[in-house]
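To start, I am sharing the structure in question, which I have written as structure tokens.
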Amino acid sequence: MIVATVTGNFWATKKCETLRGQIFLEVVFDGHRAVAADYVGAGIGDRVLVAMGSAARAGNEALPCDAAIVAILDEKP
Amino acid sequence: MIVATVTGNFWATKKCETLRGQIFLEVVFDGHRAVAADYVGAGIGDRVLVAMGSAARAGNEALPCDAAIVAILDEKP
Amino acid sequence: MIVATVTGNFWATKKCETLRGQIFLEVVFDGHRAVAADYVGAGIGDRVLVAMGSAARAGNEALPCDAAIVAILDEKP
Amino acid sequence: MIVATVTGNFWATKKCETLRGQIFLEVVFDGHRAVAADYVGAGIGDRVLVAMGSAARAGNEALPCDAAIVAILDEKP
Amino acid sequence: MIVATVTGNFWATKKCETLRGQIFLEVVFDGHRAVAADYVGAGIGDRVLVAMGSAARAGNEALPCDAAIVAILDEKP
């Protein structure tokens, strides 16, 4: 996984049926930008772990999704 | 997923049988170019979400396809 | 998928049993070089679509192959 | 797999249920940084082998994990 | 697949149980270094084909391995 920061969200009215209801967030890491499904209720500014590739489907093989937020890192005290 | 822009299309008479009937579009992102299956009816100029890797098969394991357009981003008002 | 040009072929007497009989071709794209299984009868000089990753197995899970030529692009008239 | 060095750990209270109980470590290789599940009891400073992609699930398809420490390299005598 | 040269080997006493007995070799390609399972009896100095990603498991889903030597290229006469 990579550590990324949530920086925005996306709206897409027209999408694959299997993605309906899924929230997608923009994440930034090392100067790169990607769009990840949010599985943990992350918000803008959160530092998160993003799983890439088939891991992002979490066992749902029909889901056309290749990046997912799977954890929110605890803030350092 | 990555945000890309649709820039063209491709014709290939000779292809794997499992790809027959599938529309493929050229997408450009961050200076890179790829060819993606279109699952949502995208057109040239659309800003789209592209899923890479096994996600692009959307559960159809026999499909030799590694990139797919899975959503069209709404235009900003 | 990526657009690549077929530039050569490979001989390997010693290989995994599951690869026996499979033709492999050298493909070049964006200055990179890879070796892809040929599923469509491509020849040197052809512009082809190459599928990377698990898509290259086309549903044959036991095949240790991560790149495949899945279409030959039509020549522009 | 890649050879990496373990450099730290992560705490995430909020995460996917399937990741609960799994230890994650920071690994560094060739100037890159990633977060990997630890399957072998690695510690900070260890030189380890990291498997990327679907290999990191080790057969557990529902695990949203794309990097795992699968071996600790023996120290050179 | 990529063409790589075998440059070394690795010892890891502590590893995932499913990797026990598997030989791992260091391979170098285009200035990069990786560690690959050897399925064909390659030796140091051999030019080999390396399959990356899920292809490296050759159908054994539980194997936490993401790179494998699947062929030894014939020497040019």
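Letters A, B, C, D and E mark the chains in the order given here, with residues in each chain numbered from 1 onward.
In this text, a contact is a pair of C-beta atoms (placed from the backbone, for glycine too) under 8 Å apart; a residue touches a chain by one contact, two chains touch by 3 or more.
Just so we're clear, the structure is a prediction, and the values are computed from it rather than from any experiment.
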If I list every residue number at the interface of chain A and chain B, are over half of them used by both copies, so same, or under half, so different?
different
Per the centroid of Cα atoms for each chain, what is the distance between chain B and chain D, given in Å?
32
Mind checking the centre-to-centre distance between chain C and chain E? Centres are C-alpha means, answer in whole Å.
20
In chain E, the residues touching two or more other chains are 53-54, 56-57, 61
In ring order, beginning with chain C and continuing through chain E, the chains are C, E, D, A, B
Contact residues on chain A for chain D in the complex?
1-3, 39-41, 49, 51-56, 58-59, 61, 68, 70-74
Once bound in the complex, which stretches of chain D touch chain A?
10-16, 18-19, 24, 33-36, 53-54, 56-57, 61-67
